[in-house]
Structures are given as structure tokens and as C-alpha cells.
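Take a look at the structures listed below.
One chain, chain A, links the two complexes that follow: it is found with chain B in the first and with chain C in the second.
Here is the complex of A and B:
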């Protein structure tokens, strides 16, 4: 049987692990090669399915963290305690392994190239993964506010610095550390609050769109704060990953 | 058995984006951009913005406004059941070329 997906139908496709990159002690980026993959829209996710030797299957959704492109994509996975899928992806999978994916998925939490509005991206923890794809692909003014527990929990540190430097002022990254800040950091560890948000938010007349991704509580709080500081609620798009059963 | 580790500061739901795969597989289109009118409170939101409770035998989407159920998706052997009695209208964008 031909492996190519039937156009218009969403089917499971084989994906080969081409490489892996450790992001933190408990998170890893997997580079996946997929025949016939035509790219994605930043913000989309894929479902990843694993099959055990006895035929048992489990699947989970993971955001695509790479820039769009043919034939290859990257997903960034945070290992979840007692998870069924994520510990395998973070600790076990190695180059050459085959998984199955379906996607790209989701047409709502996406930043399309045709959308010329400036964007405020707000990520909590590993919720920064789909925002990383948006940052990499950014052709319009983009601000990222990234809340993370500590420097050792921060994903994409080098990639974000690279994107910011290469963006020619188009991309601005602000980090907030909630438990441990790096030595010499100007602010003590703190939760993201309305003040921090107001400092990076676009002025109301900029007609900016906001993308918020993270744990459910984080997303609810940030979406409420955005509305409080005057952001148009219809221009807020959210993605929650909830109590990760990963 | 799947063991779920629930973080203390986290709510037990994800959002409708999580239905993109399970529904796309059977519908052949992305239903997360469909707008659903809740039969409980009559507000209209994209399916992507509904709350989805996914740690159960089925997937249950609830309105974030009034918490009424707007959609249930249950997978059985060889069939997928979609219960939409909690939605008055399911409105989909016309596909573009």
C-alpha cells in the first residue's frame, strides 16, 4: 500500500525520528521525518501514536515547535510523571525509531502569514512550544512573554536568542522567572501579573492578536488579565494543555 | 492502566483544540473552527474555545460560560458517536480552495 495520505483525509502516517535535542533535564525536541509532509501553520499540533509490542496503542497531542517546512517537523515534549507517551518520547526514543503521527491539526490557535497584525505571545512552561513555531516564522512584529520556573526549566533559550537577534527588531522576547531567577536578573522571581503584562502588551490601537498557551490555570489567568488591561477578548486565542496525562 | 497525575493548581480540562484529531479523523474537516451555539446559555463560541474533559471513556465538551455539555464524542469498535444535542447550531466556514 502507498503510504501517502489521501488528500482531505486525516490518517495516521509513519514518522521517523531523525534527531533529538535535549531542551532541559525533562524536555526534549524530536525531529521527525514524514513522507509527504507539506508543512503546517504555526500554532498547529500533531497527534503522536505509539504502539506497544502487544498491540496496545496510546496517543497524545504535541505542538509543533519548528518553523513550517516540507518533509520534516519538530515537536517538543515535556515528560509528565506517570505519563504513558511523554516519558518514552523524552527518555527512550532515538534516531531511527518509527512513530505514527496525524496532522497538522487545529485551525483556530494558529497565526497565519496573511495575518498582518502584531502579536503578543504568552507562554507558560512548555506552553511556549507552539509559540516557538510562531516566533521562528514571524514576518510581523511579535512579542513573546515567557513565564518559566527557573533558568534550568526554560525551553529554547538559545533558539529564542537567535530568533530575537535575527529578527531585526521584529521579535522581542521577555522572560519572567516564577521561582528561581538567574544570577544578576533585574527582578526577583514572581508570578506573571498585570504589571508585567502591561509592560509588554501592544497599545490598544495596534489591533494586536494575543496567543496564550500553557497549563489551564495559567491560561485562564492570562486571558483574564489581558481583558483587564484592555485587550479585545475576540483577539485572544488560547490553548490549554490541562492536567497532562502525557 | 493510564495513571493521571493532576497538578494541584490545574483544572481538569483542556480546550477544544484537542478535538481536532479525533473529529478530523471521522469528519475529514477541521471542526475546531466550527462555531457552536450552546443550548444552555445561547452564546456562540468556536469549538476550540470550549472546555474539553478528556480523562474519561469519552470526550466531553462543555460551554465555558454556563458549563452545559455542548458535545460528546465516544469511540467504539468500528464507530464514533458524536452527541451534539447540547448545541443549537453548528456553524462551519465554507472551505476555501
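Here is the complex of A and C:
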């Protein structure tokens, strides 16, 4: 039975912050140790619950950015201005602190190992987090197109380079800077457009699957462009981060 | 035994209208599974299909000429945001089913683009649900489900199918898109029915 295979998936479990890594000035990866954690499917998320000393609780959902594995997972959090949970996770939490999680959750925006199709991953801003998990776990041809404002806003810079180098040609990463490009970058800052997309998109006959994640406007634009260049709409999976998140 | 998170204070807001595990937002975030379908109003059609296969259909002009309500409701997304006091214009499901002969107990909402969601019929009647085509006095934007979407504010918002094409009346319950992807069959935010096993 499928349900028996995932005991406690929806039970709140203690998670201990094992380490933190600054990704940018306003984003951080938290390494969480969870007893009995059996891993996840790349693209899935967890619910996070924080409890104040007086019992007040706040909940949010965060994508898992690490490769699947037992006992440990990583979430990458972008601090939202005036947010309630994200500023705590980015600025306050320290190794040894406890919170609670449940998951892994989500059965649609996922790239399963059994899915042999090539994938085009398109991430905008912190929407690259679930795609990072897919990149780390890639066993099939995977192209990532990552749109970010500037080098100082870019998440996972070193990890993406490592994954590309270790991928043996399976993984290809293309970055587009929309406001500020690094010195010597071959292209000026620009928005992702149909030309840029067509350069990295798989040919139609490849039967590729596309995963698009980012702010709503970004996802709308990218999904529309994919349809415009002939990508089958039923092979486009989207996940949107609204203007809020907290 | 509760796990206390050191250093977390939280921001309490006195929101008795907020279901458990939700937070309040004043924006209108978007959740959908794929691209926004392109729908031409000249080709738009809405249908009610009964368990015997009988179809009632409306063109855009016919649909927007039906008696409409202007509900103001709170909406609750399973991704944990709630938005209070949203204003809509649409046709109540009571009106759409007034002349329909059915023994159905369940409904599957079908969307342009292929999305589906299932709801017990009684959850759509008695002023609980509308097919809405305006938000905040403006035509409903495609990203929010326009031309027309189902509006069932008492359930998590994935039940309020965007880009609505048809309501299929059924004798049996047929789980829809998210309901077969690990989400709860009923989706009552006040009982916090988010996922399959909740």
C-alpha cells in the first residue's frame, strides 16, 4: 500500500538545524536533520512550523533544494520583506535550533527517476530552489535556465558549477542576468525572451518536460513562450511563488 | 511535547476569521499547475452535463446575461495564504442548476486546459458557489482563471477551478487533478484538510 510506504509523512516531526549557508545577503540554505527522514522526490516541498514560547505557531511551505537522501534535507529560503517566518529562518535560526517539519509533499511538480525524458528547468529568482534539487539528482539530460537580477542575487552559484562539472555532460546551466551582469559577461543584462529560450529549449522531437518555477509574472511569461515555440502545454509543469510568501 | 523554536516570536494578528495554519495576505498570489490556457470569448462555452448525458450550454453572451450575484468572500489557498473580503461578480450554481433534472450527488468541474476538481453537489448549492467572471469590478484576468472560474470560498481554493468549461454532475465521486496528486478529497480549510491523510 502506498500509504504504508510513507509512514508519518504528514506527522509533524522535530528537525534540528545542523548548519546554515548564506546564499546571498537575503537568502540562506538551512541544513535540517530529521530522524527517520527517508528522502524525497526532487521538486517536492516541506511544511515548516515554528512555535513561539507562548504556543503561537506559524506555518509556511518551502521547497527542498538538496538531492534526495536519508536523515537530512536542505531548504533554501529567501527573506520576504515584512515576512513572519522567512526573516527568522534567514537571519535568526542557528545550528542546534529546533523547528518542526512535515513532508515530503507534492506529487505534481516533481521529476521522478523513472521519467527518462530530457528536462528543461526554468527558474526565476528563488524559484530555482526546487530546480536545484532536480539538478543535483539528475540522471537524465537536464538543462537549467536561471534568470536572476544580478550576481549578488544569484543562488547556488558554486553548487551549480559543481553539478555541471560533475554531470558528465548531462547537466547544462545557462544564466541570464536581468539587471546587472558580472564583469566580462558575454551578454548585457536582459529579460528572458523567446530567442534566449529557443537557444536552450530541447527540439520538439525530444519530447522534453519543462519545469518552470518563480514569481507569477515570470512563470506566466515563460510558460507562454514555451507554448509559442511549440512546447506541448501538457508537458509544462509550473510552480509559482506569489508576491508574498512570508 | 511541543517543540519550541528558540528566538521565534511571531507576529500575532487577531484574525478569528483565519483558518488553522493560514496567514493573511492582501495580495492575490497565483497557484496553478501549468500554462494559462488561451481562450477566445467567441469560442468560450460553458456547459452543465448531467449523469444521463444531458447538456445545457451557454455562450459568453448568454452566460453574462444570466442573473448575477456580487459576493464578497474570504478565500483560503492550501499553500497557506488567505485573502479577506474579495469581491466577485458571477452566476450562482443554484441559478445554473435551476432547470436541471438530476439525482447526482457529486460534481466534477472541468477546465479549459484539462484541469479537474471534484466537489459534493451539496457543497455548491444554497448560495455557496458561483461561476465568477469579474473580480474587483474588472473582467477576471486569465492568470486568475478568466474568462470564468468556479468560486467555492468555503473550500481550499484549488476547488475553485480556473478557466471553467463545464460542471459534470455524477452519481459517484471522481477525484480530480490535485485530489489524485496527494491532496485531500474534501479540502475544508476549517478542518485543515490539506493532504490525502490529513
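The rule we apply is simple: the second predicted complex is superposed on the first by the 238 of 246 C-alpha atoms of A that agree within 3 Å, B and C clash if a C-alpha of one lies under 4 Å from a C-alpha of the other, contacts with A are read in each partner's own complex, and residues count from 1 in each chain.
Here is the rule we use: a contact is a pair of C-beta atoms (placed from the backbone, for glycine too) under 8 Å apart; a residue touches a chain by one contact, two chains touch by 3 or more.
Model, not experiment: these values are computed from the prediction.
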- Message: Touch test for A:211: chain B only (first), chain C only (second), both, or neither?
- Response: neither
- Message: According to the stated criteria, A:238 is in contact with first (chain B), second (chain C), both, or neither; which is it?
- Response: both
- State whether A:81 touches chain B only (first), chain C only (second), both chains, or neither. first
- Message: On the A-aligned overlay, A:106 touches which partner chain: chain B = first, chain C = second, or both, or neither?
- Response: both
- Message: If we overlay the two complexes on their shared chain A, which of chain B and chain C does A:156 touch? Say first, second, both or neither.
- Response: neither
- Just chain B (first), just chain C (second), both, or neither: which does A:61 touch? both
- Of the two partners chain B and chain C, indicate the one touching more residues belonging to chain A. C
- State whether A:223 touches chain B only (first), chain C only (second), both chains, or neither. second
- Task: Considering only the touch criterion stated at the top, classify A:146 as touching first (chain B), second (chain C), both, or neither.
- Result: neither
- Item | chain A residues contacted in one complex by chain B, in the other by chain C | 9-10, 58-59, 61, 84, 105-109, 216, 220, 237-238, 240-244
- Touching chain A in the complex: which residues of chain B? 2-7, 9-18, 20-21, 24-25, 28, 30, 32-33, 46-49, 54-55
- Note on the structure: As the complex stands, chain C meets chain A at residues 2-12, 21, 23, 25, 27-37, 79-81, 113-114, 143, 177-178, 181-182, 195-198
- Item | Interfacial residue positions of chain A with respect to chain B in the complex | 8-11, 45, 47, 58-59, 61, 80-84, 102-103, 105-109, 215-217, 220, 237-245
- Where on chain A does chain C make contact in their complex? 3, 9-10, 12, 14, 50-53, 55-61, 84, 88, 92-93, 97-100, 105-109, 216, 219-220, 223-224, 226-227, 233-234, 236-238, 240-244, 246
